[in-house]
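Some structures are shown below for you to check.
Presented sequentially are two complexes of chain A, the first with chain B as partner and the second with chain C.
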Partner chain A sequence: MSTENENDLLLKIRDLKIEGYSDEEWVGIVHGIDLDLHRGEVLGLIGESGAGKSTIGLAAMGFTRDGCRISGGSVQFDGMELTSKPKSELRKLRGSRIAYVAQSAAASFNPAHKLIDQHTESPVHYNIKSLSESQADAMELYEKLRLPNPKEIGFRYPHQVSGGQLQRAMTAMAMACRPDLIIFDEPTTALDVTTQIEVLAAIRDIVEQFNTAAIYITHDLAVVAQMADRIKVLLKGNEVEEADTATMLSAPKEDYTKSLWAVRSFRRPEKQRPTADSGEIPVVSVDGIDAAYGKGLKVLDDVSFDIYAGMTVAVVGESGSGKSTTARCITGLLPPSKGVIRFNGEELPPSYKKRTTDQLRQAQMIYQMADTALNPRIKICDIIGRPAQFYSGLDGAKLKTRVEELLDLIELEPAQYYNRYPPELSGGQKQRIGIARALAAEPSFIICDEVTSALDQLVAEGILRLLDRLQNTLGLAYMFITHDLATVRSIADEVVVMKEGRVVEQGPKTEMFTPPHHAYTDLLLSSVPEMDPDWLTQLLEQRGVDNIGEAAGN
Partner chain B sequence: MGDVLAIVAKRLGLGLFTLLIISVLIFIAVELLPGDIAQAVLGQQATESTLAAKRAELGLNDPAPVRYFNWLKGAVVGDFGKSLVSSESVTDAITPRFKNTLFLALFAAVIAVPIAITLGVLVALFRNTLFDRVANVLTLTSISCPEFFLGYILILYLSVQTGWFPSIAKVSPDMSLFDRLHRTFLPALTLVLIVVAHMMRMTRAAIINLLASPYIEMARLKGTPAWKVIVKHALPNSWAPIINVVALNLAFLITGVVLVEVVFVYPGIGQLLVDSVSKRDFPIVQACCLIFAATFILLNLAADIGSILTNPRLRHPK
Partner chain C sequence: MDISALSESYPIASIFVKGFALILVAIIASWIFRALLVAVLPGEGAKVMRTAPLTAAFGIMIILLYAIAGIFAPWIAPYSESEVISSAFAPADENMWLGADQLGRDLYSRVIFGARNSVGIALIATSLAFFIGAMTGLIAATKGGWIDQAMARSADVIMSIPSLIFSLLLLSIFGTSMIVLILIIAVIYAPRVFRLTRAVAGDVVVMDYIEAARLRGEGLWYLIRKEILPNSKAPLIAEFGLEFCFVFLLIAGLSFLGLGIQPPTADWGSMVRENATLISFGEVTPLIPAAAISLLTVAVNFVVDWMLYRSSGLKE
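The block that comes next holds the complex of A and B.
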């Protein structure tokens, strides 16, 4: 970090207030934030969704999204006041002196243009470099960011490149004009853990090499611990506290910060399978199934595992490993091409169309995006009531009682939520409704497909505790699909690790988390960021810079 | 590219199948028309024996399915039979008329499509400004006016009062191109006014629809000027809906021009169709309908292929 004096101060935000337009009035989103950033320094902004992290990050570029406005305070970049600068002047700073790296590189690269054409756009537009200079520079940056085939990869279209590579290409694009400041807005949130490491290492390297200042926005504490010199914690548009990374991790002052740190502490006792001589049979038994979409490649190859009553089996793996496809096979949405699925020992017809109502009732699903899994135009009572009516034939007063019972079960006050619509609920509440809908069918088995990954950590923990309580009272079996190993640690009894459509390892949780592991399990486990600020550095030393992430898996 | 060819082949097959179904519908519709064809051809004075002879000559005594297959057999090789009125071959009667209609449609399209897309891009760029509103009001007004009314208004101002263009678009095969363009300018302009609004508004909507995309925000955050954001980042991703609405309007220019042709006395296929219906010249009616259907199907097929070709995922597979 550079010495602190006024000349070094690159970004100075004072009492920044931002408002958003909703329901025909301006509502405060950010309520007076101060922020200092020196040249070459990395500041981590953390907080849950709705904390105003991205809004502040964009405001540092003098930019607000449609429907937002800066209503007070000042943003000074290199001595220039951005809040009063005309739009055309502001535009000239963007891309050239302040750059932005978005959360989803896959969505933020224009699908119609080649990567390198998007890379060269700003430098050529600002006459900083000629087209050929900028292309040569792009290739050099691609190489620095350890992208494969740096000379060639830029001439591909975004859909031809993997997510982690795209995120690095976007970091390269941000570097195109050698800006003084880069805003990283959750750049690794959408990536698998093994890919995340490559991107983190690449970003950290390049920011150091060019002495670029950065604001690193994330909700993941362990990630920010690797990247930032200082950390600022935000809550609902207010600052909670700010300190250098080491202090913040070891001695947070505020209760809210401490609660964030403590989130990963939920751990339930591990349950064991019933012994072989008890004669108990698994609720769900997946036996040697293969599956493919259409006539395409096989996406599942000989997948087998059992789930016993009252137990949680976590299915982990990276995106594309076949976790959700397995769930689709169990529910009968995708009939497997080989193998059988048994329910309490009884073989299920492969397609849901051929299953009886009672067979359908037994297996329910909770989805990742509660937002899209609930019809926004249907009342809560009808969302929960429909399966209760369909499977149990309840109606009238009985149905109402049942819905209220279910709402009680998911800890939402029936009187208050009975007649509401999904958009009036928060993310965590919506997910609870999703759980109630699954419970309404009175199933014995529930598939939870990444149910907490779209939620903030505190909210996610609430959902995990709820699922745990329901399991204990109702004796449910869970298949818990996730890529988040922290969640696995807290809730699973058994773990199934999948890779490229195959089960690479399975067993009780404690066994799975104790070495020796299968090489791939080991890679997954060791890729989960830890709170220790030196974790990434040490890991890179262990693995070597050229042998991280995807490369280490082969 | 193999994928694209397979999709095209499949669509082409589906198109032919649709055309077959439509040919059945056309045949049934004509069958359902009241009255006796022989009577219509020979007039009220005809005796019972001449009528019977005429029916036999036209093959009207065969059962309907037989007549349908005979007609279809001819249609496949381009022989639509003979006109009942003039005894001329239907193909000979239709060909010059259809060429005229195509000429007028092409003339209108060459003016309308570039104007509509340019205007669409401009109103998207200056959305919610005075320019946007004025352009919207004007184009909506023109689309809301009945075409014959627009035609007469244009005749009043551009022909009767100023004398710049002829009000009757009578063309003949030996005319020079310039003469032809001059003669057909008013009907072409009428058509332009009708189709521009639709295409412009779809272009505007397709572009604005994309403005909330992360890659558009990214382009803005890279300091890309507003016009370039629209033209370079939004437009290339909005071709699919634009191409579809353009194809729909081109189809309209060929099949929906009856009124305009009548107003300007233009010898196109629409006018032929109207004449033939009133004269009960069914072979011509059937042929015209089949041509219209084929036009619709072909243009929609072209739109589908166009949409596929503008999708980088299909053009550049992994």
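The block that comes next holds the complex of A and C.
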């Protein structure tokens, strides 16, 4: 698709420097990036968080976030210099010639207006189309993006459609003025695998059809491999390397790139269940539980599985399949309406309020969002120290020693982190603190609820290795809730596949990953993006154009 | 041409000149005050002050002045608040530079003592209202369910009665002692604080860290004190400033109506009423306590605005 013709050059960024204001001084965020984008070309920007991906993406529109400024370099869009253009002129460009698709469509749509009204806003405002033309065009775009009922879906409100549909509606909205450039900022990160495929396929099609140039920002290598013609790797505001997708995947030059590529290589040996005649009983045994929120629809239907000491059971399924609800039943936050949960053979009271302190201590939880799981106003030493104090009655010097031990255990330097607050830490460090808090209770069982899904791959791998090491030394049992099958492959011993509140299949990992599968397991497995640039194309050929994503499951 | 000559020939221009000069003085004073605070305060405080806007510095300066006037009133004021030293409505002289009130008491001394009485009572009443409101609000948000409903609906009942009429009613039933006044104001204002606290804490209790603490088996008091309160502090402090102004105005209003702070205790609200007749003679004396009220209200709001800005994390 890409041509080297100089006339085709749409976006030319030279030596771009961006600074952010913090603590009364300007700190460099992006240190001199060069970037060329031709018409119809898709450039992938990848890197871990804080690499400056989104900042560069926004700068390509001549925009900076609050508290940031472009301090040097030039951004030329179609021959126009954006850094020196007045704001009123820039506003005319944005929406009409440059569009932006944000990570969270749910947060970016105005919940008070219908999708189509938001869609037609910019074409009508810029006098590109009349209202009726624009509406007709919206329906056509919805159809091209394979949204169900394209004639009708636009007249719904954002909360009335699913996450994947909303993300596609946003892509359609970005297309409304037929822009020359679209910036996709992690459009599929918040979606689960089956939905992700639909969005990826839709975005790729539409970009190709209208010959739109795009910058695709993500931290998922496998995704960028499907989407981009060229890939640029960033690290802490500097360019690491740039090459076309095939070269980049097969022969990365820099060590950092190689380390990114190697992340998915972590595997641990699979453990087997103790044999039936050894007489060992499972640590946690979920036996035929049903659950519902309030008097509403049943969200869990006869869910049963066992978790043995020292083993990891991965519970997989797309969002809404009841994974987290099962966890809430085990912890007692949502008392099941039927069935029992046994802990070391002993029946647990359904509600956590009725459980003894020791029963509460035995089962701990690590959360997906470390940001909301750690109280931002409490010091690290108190966050970790509180469970130790609460359950074991430690105080004074003993408590301090215990907290330092725990910090050592999660590989954070005690002297450095003891007195800090959670907002001062990075995402990976916060997640480690979350793990330490769980360990402080000296549990025998830990529920890990999507613990790595909010993290970059390098950081996530570090967390997985840590969890694995802790399991080996402390003999912990894990229930690992995830929708990322790569994680399952690396850490699980047994897999439970859930769909619509039911367990569709369960068994040891190797068995689960070898065919024949249950149809739904197969769909989940085949939807995980692979590092092969042709993977999506081949998958779409296999499944057929109208039979991808959710549709394929039915 | 000096100012007095100017004021004779162009009276309106002179008001502008004086007003402009006053604003200039206020700006310079706040600037110096801020520089002083930056120099005096340790580490974190100095950093906060350096980035504070001038309005906030002005507000802090005024509040500080009022606090000093209130605390050290007996030493600052030349006469006591109830001492009759001259004839009624005597004009200003070298002894009494604001003149005398309707009984011949020194108005300047009474304004100083007013800072102690009006502001002191408003402060106690607001604190009490906050204590009751915040406590019940936090309990309602943490407990939820029927407890929350019962508390919230009771608050609605109290709030549905106009505050001035309600306080007049209660004051006529229970008499007008200072303790009754404080209690009544606390009861009237607590529901407003309750509503805010419940809303703010409601956003906090859904966080995962609260769930983690509940699952640990923590009690209600720990949850409120350690987990929820630190995260809802900022809006509550800002609200304290705003409510303080309302309480202050309510007390002044009640005093003006004769049901608030009783004579001979000096109070700005009643001072306005007692000297109100002078307005028809073109005297500004009754406006001085009124000005003291409005200046404090403005100052508190400046500080509150700044705090809200800081806690909201807005940049531009």
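The rule is simple: the second predicted complex is superposed on the first by the 553 of 554 C-alpha atoms of A that agree within 3 Å, B and C clash if a C-alpha of one lies under 4 Å from a C-alpha of the other, contacts with A are read in each partner's own complex, and residues count from 1 in each chain.
The rule we apply is simple: contacts are C-beta pairs under 8 Å (C-beta built on N, C-alpha and C of every residue); 3 or more make two chains touch, one makes a residue touch a chain.
Just so it is clear, the model here is predicted, and its values are computed rather than measured.
Engineer: A:122 contacts which: chain B (first), chain C (second), both, neither?
Structural biologist: So A:122 only meets chain B here.
Engineer: Looking at the overlay, what does A:390 touch: chain B (first), chain C (second), both, or neither?
Structural biologist: In the superposed model, A:390 contacts chain C only, not chain B.
Engineer: Regarding the shared-chain residue A:437, is it in contact with chain B (first), chain C (second), both, or neither?
Structural biologist: The answer is second: A:437 touches chain C but not chain B.
Engineer: Is A:332 contacted by the first partner chain B, the second partner chain C, both or neither?
Structural biologist: A:332: touches chain C, not chain B.
Engineer: Please work out whether A:67 is in contact with chain B alone, chain C alone, both, or neither, and reply first, second, both or neither.
Structural biologist: second
Engineer: With the two structures laid over each other on chain A, which partner does A:533 touch: chain B (first), chain C (second), both, or neither?
Structural biologist: Neither partner.
Engineer: What residues on chain A does chain C touch that chain B touches too?
Structural biologist: 66
Engineer: Looking at the complex, which residues from chain A come into contact with chain B?
Structural biologist: Residue positions touching the partner: 58, 61, 63, 65-66, 91-96, 99-100, 102, 104, 107-113, 121-122, 125-126, 156-157, 159-160, 173.
Engineer: Across the complex, what residues on chain B touch chain A?
Structural biologist: Those residues of chain B that touch chain A are 212-215, 217-225, 228, 232-233, 236-237, 312-313, 316, 318.
Engineer: Applying the document's contact rule, which stretches of chain A touch chain C when the two form their complex?
Structural biologist: Result: residues 21, 24, 66-67, 331-333, 352, 355, 357, 360, 365, 367, 369, 372-378, 386-387, 390-391, 437, 441 of chain A touch chain C.
Engineer: Looking at the complex, which residues from chain C come into contact with chain A?
Structural biologist: 47, 50-51, 207-209, 211-212, 214-218, 226-227, 230-231, 314-316
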